[in-house]
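Next up: some structures, all given as structure tokens.
Here chain A shows up in two complexes: once beside chain B, once beside chain C.
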Partner chain A sequence: MDVGRHPNITLLTYSEVEDVSGYIGNFKVKMRRKAKYVDESTCNACEECVKVCPVVVPDEFQMGFASRRAIYIPFPQAVPSSYLIDMEACLGNFPIACGKCMDVCDQNSINYDMKDEIIEVEVGTIIVSPGIDMYDPTEHDEYGYTKFENVLTSMEFERLMGPTGPTAGEIIRPSDRKMPRTVGFIQCVGSRSRKKGNPYCSNICCMNTVKETLLLSEYSSDIKSKVFYMDMRTFGKGFEDFLKRSKEHGAIYIRGIPGEIEEDPRTKNLILTIEDTMTGKIEQHEVEMVVLATGITPRVDSEGIRKLLTLTTTSDGFLMEQHPKLKPVEAPTAGVFLSGCAESPKDVRESVQQAGAAAAKAQILMGQGKVKVEAITASVDSEHCTCCGICAKVCPYSAITVDVKNKIPATVTEAACHGCGTCSAECPFDAITMKHFTDKQLLSMVDNYLEEKQKEKIIVFACNWCSYAGADFAGISRLQYPDTCRIIRTMCSGRVDEKFVLRAFELGAPIVLVSGCHYADCTYINANRWAQLRVEKLWNKLERLGIRPERLQLEWIAASEAVKFAKVMKEMEEMRKKVTIEEIKETEKILKQEREKKEAREKKKKKK
Partner chain B sequence: MAEDNNTKMKCMRCGHEFFGHYEKGVAEERSCPKCGSFSVRPLPEKKKPTG
Partner chain C sequence: MPDDNLRIGVFVCECGVNIAATVDCDEATEFSKGLPGVVFAIKNKYTCSEPGQQEIKKMIVEHKLNKVVIASCTPRMHEPTFRHCVSEAGLNPYLMEMANIREQCSWVHSADKKRTTEKAKDIIKAAVARVRNLESQTEIEVPVTQRALVIGGGVAGMQEALDLADTGYPVYLVEKSPTIGGKMAQLDKVYPSMD
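After this line comes the complex of A and B, so read on.
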């Protein structure tokens, strides 16, 4: 309500984002304002239209427990408080067959000819708050959801208990519309399971059930609650006291998840068979209603937002933050922030915290009006750029623009560039320079390391955030690893150019290792994938040239994996020992010839 | 195209060979089922000329 009235906030409800372009401070957002067929500026929500609308459809907000008309307000607290017409259900559309709502509307707010409107706004920052979907427990045949009338999900039960719900807060069970005297709650439905549903914990279900048992006990002392659980996770402030109160009010907590639910066809009561893991006994419990504490899943349409904002997701499908501990509110794309359950399941308290933090972070940027760009960014030498477009394709942040068709060279939006260096490594014409991590700087490190005793050196390319940090951690943990490893730090494994690897082999390196962040944890969204593809290409190239591809290795090592870093280095050392002087000499010869051929080709091309 | 796991993979660390999913130009997370290494090289069969 406050948001709706705030002079500095424009609320666009019933709208969809269709396109986002630009970068931090200069985003352009294209939106579709869907036609509501009711002018919200004049509608005074008098309800006269609803009274005459002849179309009755299930009410989505009430989870189908009640019906609504074709003209409706989606839910009681909706802002703005004005009606809209569900045109798929309405009879009044082409040709007008009904028009009753129009006839009774004193305000003349109804307009069947209203069209979707496309609007474009310029914004400096974006906060993504896509909401959640609830897990659909239909696949759990054993619980009989949709088969037995008195088996509900926690969301359905929530509506049933709500004062604005279909029964105005009266708790009844669907089969006979009588108050249930025993309610069984089954926890972790669709959560913490690798077989059905999702492997993660949905965070809110335990406390939601505890709350519901308390509400039931307040509603009537005749209702008994039984909670069937694996573990009750009551880790937040005051949560344990809340659970204690629930138990004091008579709720019974039984450690065991029902294997099966059966229905008594006569009473429609439900019989739950469980193994109580505390006592080890198989028990049967008869209850009059069952509530499945269903988990949370990412919004199905958040995938669209992800693509528009070049974001990425973690393996559970939620949007990935820039850093799980240090930047939990920032999205990897600069100027974009995550709130609510965008990034993981959250309860109200955590959602409020995250939303507040996201708003504050966005306001800091907006208040300053300018951003500090990264010191390590890419710059394009337009003379060497052939407008091939590869750099733009590999940039995880869409920070590079190039017009392939009209041959307009690449340009880098510095404010959007995060400095991974993938573009520089991929550019076939060496037209992109990474400030502070130039080809010259990195190649001279390779040269220096391999100036002498080449056979005893393993060249390790390590990304700044994970593998290099892992090496550092191994060092401070005083873990022993072979002193033959020579580490070259790059910001990202995506920066490791094919020519760095080939130069190392040409100068006599027995083994080269490319290492980076774990697959889904790349600091630069997905730049490590380009490193992987490059290594795969290099394996093929080495083999074609008659060089053993096994001498090039790839590994993902996290900052916390000091032990793994040491282990991998020991493995590299074992591999190094097996590379003979003859093999190294042969490689040097092959690659020298190969390089000379390439240089001659380039010379010839230039002359032309 | 249907999901197939019939591309030969070779672990560049321990030499173990196995089959997995491969799509040209698409990076996928792969690890060796024997030694756990991420140095897994896809060895797709070269397309034979048709006709």
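After this line comes the complex of A and C, so read on.
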């Protein structure tokens, strides 16, 4: 309610972000406000329209336990408090077909021709709190969710208990509309399993079940709750007391998850077969209703936002924060913050805490009124620029402008440049300098690593955000791998110039690895695509020159993939051992000749 | 030959035993002293600690260092710390380079101290080579628009929209569904206070 009324909040419901451009402090956001076909400002929620609407569809708010009309309000206390038309269900796109609601609306609020509205705003910071989806237990055939009427998910059960629910808070079971006298709760449905659902703990389900058992005992002392669990995780403030209270109120906790649920076809009661892992005995429990404590999953439809804001995910599918301990609400993209269940499953209290933290971080940024952006940007030497336009083509941020037709050299908009360095690596004329990651600076590392004992060293180019971070994570995890790799950090794999690789081979490197973020997860939108194309070109070139292309490797390693990093290093080591001194010497010779030929050509060109 | 004006200082961190247990830090420090351009090298127990940082600042002044290599943990952790530290001593923050001898060396090759020390030396050597070529950079300052966008109108989104709005910043709260409230609106009572 406060949100809807606050003078500083512009509430855009039924709206989606379609495009984000710009950078920290200066984002331009395009949003689509979908047509509700009912004017929010004049609708007084009198409900007359609903009474005449002939279309009946399942009510998603009530988890399908009730129905609503095509013109509806999601729930009585919804904010904003106005109706909308579900156009997919409505007959009245052509008023001839129906149009009944329009006829009864005194306020003339209904307009079938209402169009989506595009809203463009400029903001300094963005907070992402996309929410969650509930795990769909359909794949758990053994629990009979799709077969047995009296098997519900916890969210369905939640609606059944709510005073604003389909039964106005009366707890009945679907098959016979009678109060169940025993309710069995099954924990960890879709959580903590490598086989079905998700491997992580969903955080909220244990406590939610404890709460539901208490609500049941409050509702009627005739209802008995039985909770089937693996471990009850009651780690938060007051949680353990809560569990104790539930037990005192008669709920029984049984350590064992049923392998299967069967239904008694006559009574529609459910028979659970479990192994009680405390006693080691196989038991059967008959209950009148089953509630599956389903886990939570990342919002599927937040994928669009993720891509627009160039965010990445961890292996569980939730968004990745900048640092799990020190920067838990900061997204890797500067000026963007995460809250709620964006980066992991959270309960209400934790979501509120994190929201406060994210708001505070955004306030710090806005309060300062200005922010320093990193100096690592590209700059063009217009004397060497031939206006070919390649740099502008490869820039993921459209930060480079070049007029190919009129031969006006490239220029970089510094504040829009994120510093991936792809332009610098792609420029065929070495006209672009990547500040702080210049050719000279990076080549000096290659040269120094390969000054001695070259045969024993693997040159690894690792991007700052994924592969280098993956290597760090391997360190934090104390994973052991061969000590032959020599890592050179670049901001992006897109920065790895062909000449870095060739220089490494010419100086005697047995193996060179280029590594970066996974293909769709590049921190610089799609800059790693150019790294891949460049490596493919290099493979062809090496082959043509008679050098084994396998000696140049390409791997995508995420920041979370410590194990993969260590594994790749072991594989590289195996490959390194197979490269002979003769082969290295031969490569050195070939590449030296190649380089000298190229230099001679360039000299000649210059003279002309 | 390195530039005569180069005065590089190398600070080798033991990180308690995190580095020192598998890398001979004395040897690495001695080795650093012989690298081209290096005029000063020293070993610390914890370079990132307050005394560690004070020492860096002091040595920059005392030895007229114009470039610094800090051989310790990953730059992903302490690059901002040390950039800030050297800038307090009057050095451009981009003239500091970190050699990652913890996450990518001491922690992952703990079996053979001799070999791990060799690798650490190699990493320091490459970092010194890089720092020789580093140039001062200036960070540009951009204005921050004093408006915020909150994506998602669940309990978290509502909370941050209110917090920001109460501070006085205009907020756009964008929600995909027709109403705000998210999953919480579907719950009757919420643990642990049951309201």
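Everything below uses one rule, namely that the second predicted complex is superposed on the first by the 369 of 608 C-alpha atoms of A that agree within 3 Å, B and C clash if a C-alpha of one lies under 4 Å from a C-alpha of the other, contacts with A are read in each partner's own complex, and residues count from 1 in each chain.
Simple rule for what comes next: a residue touches a chain if its C-beta (ideal position, glycine included) is under 8 Å from a C-beta of that chain, and two chains touch if they have at least 3 such contacts.
No experiment lies behind these values; they were computed from the predicted model shown.
Undergrad: For A:238, using the defined touch cut-off, is the partner it touches chain B, chain C, both, or neither? Pick first, second, both or neither.
TA: In the superposition, A:238 contacts chain C only.
Undergrad: Based on the superposed arrangement, let me know which partner A:25 touches: chain B (first), chain C (second), both, or neither?
TA: Touch partner of A:25: chain C, not chain B.
Undergrad: Using the touch definition from the top, say if A:405 reaches chain B (first), chain C (second), both or neither.
TA: A:405 contacts neither chain B nor chain C.
Undergrad: Using the superposition on chain A described above, determine whether A:347 touches chain B (first), chain C (second), both, or neither.
TA: The answer is second: A:347 touches chain C but not chain B.
Undergrad: Based on the superposed arrangement, let me know which partner A:10 touches: chain B (first), chain C (second), both, or neither?
TA: In the superposition, A:10 contacts chain C only.
Undergrad: Thinking of the overlay built on chain A, is A:208 touched by chain B (first), by chain C (second), by both, or by neither?
TA: After superposition on chain A, A:208 lies in contact with chain C alone.
Undergrad: State whether A:130 touches chain B only (first), chain C only (second), both chains, or neither.
TA: So A:130 only meets chain C here.
Undergrad: On chain A, which partner touches more residues: chain B or chain C?
TA: On the superposition, C touches more of the residues of chain A.
Undergrad: Touching A:374, do we find chain B (first), chain C (second), both, or neither?
TA: So A:374 only meets chain C here.
Undergrad: Give the list of chain A residues in touch with chain B in this complex.
TA: Answer in residue numbers: 519-520, 526, 529-530, 532-533, 536, 539, 549-550, 552-556, 571, 575.
Undergrad: In the complex formed with chain A, which residues of chain C make contact?
TA: Residues of chain C touching chain A: 74-77, 94, 100, 102-105, 107-112, 115-116, 119, 122-123, 125-130, 132-135, 137-194.
Undergrad: Using the touch definition up top, name the residues of chain B that touch chain A in the complex.
TA: 12-13, 15, 25, 27, 29, 37-39, 41-42
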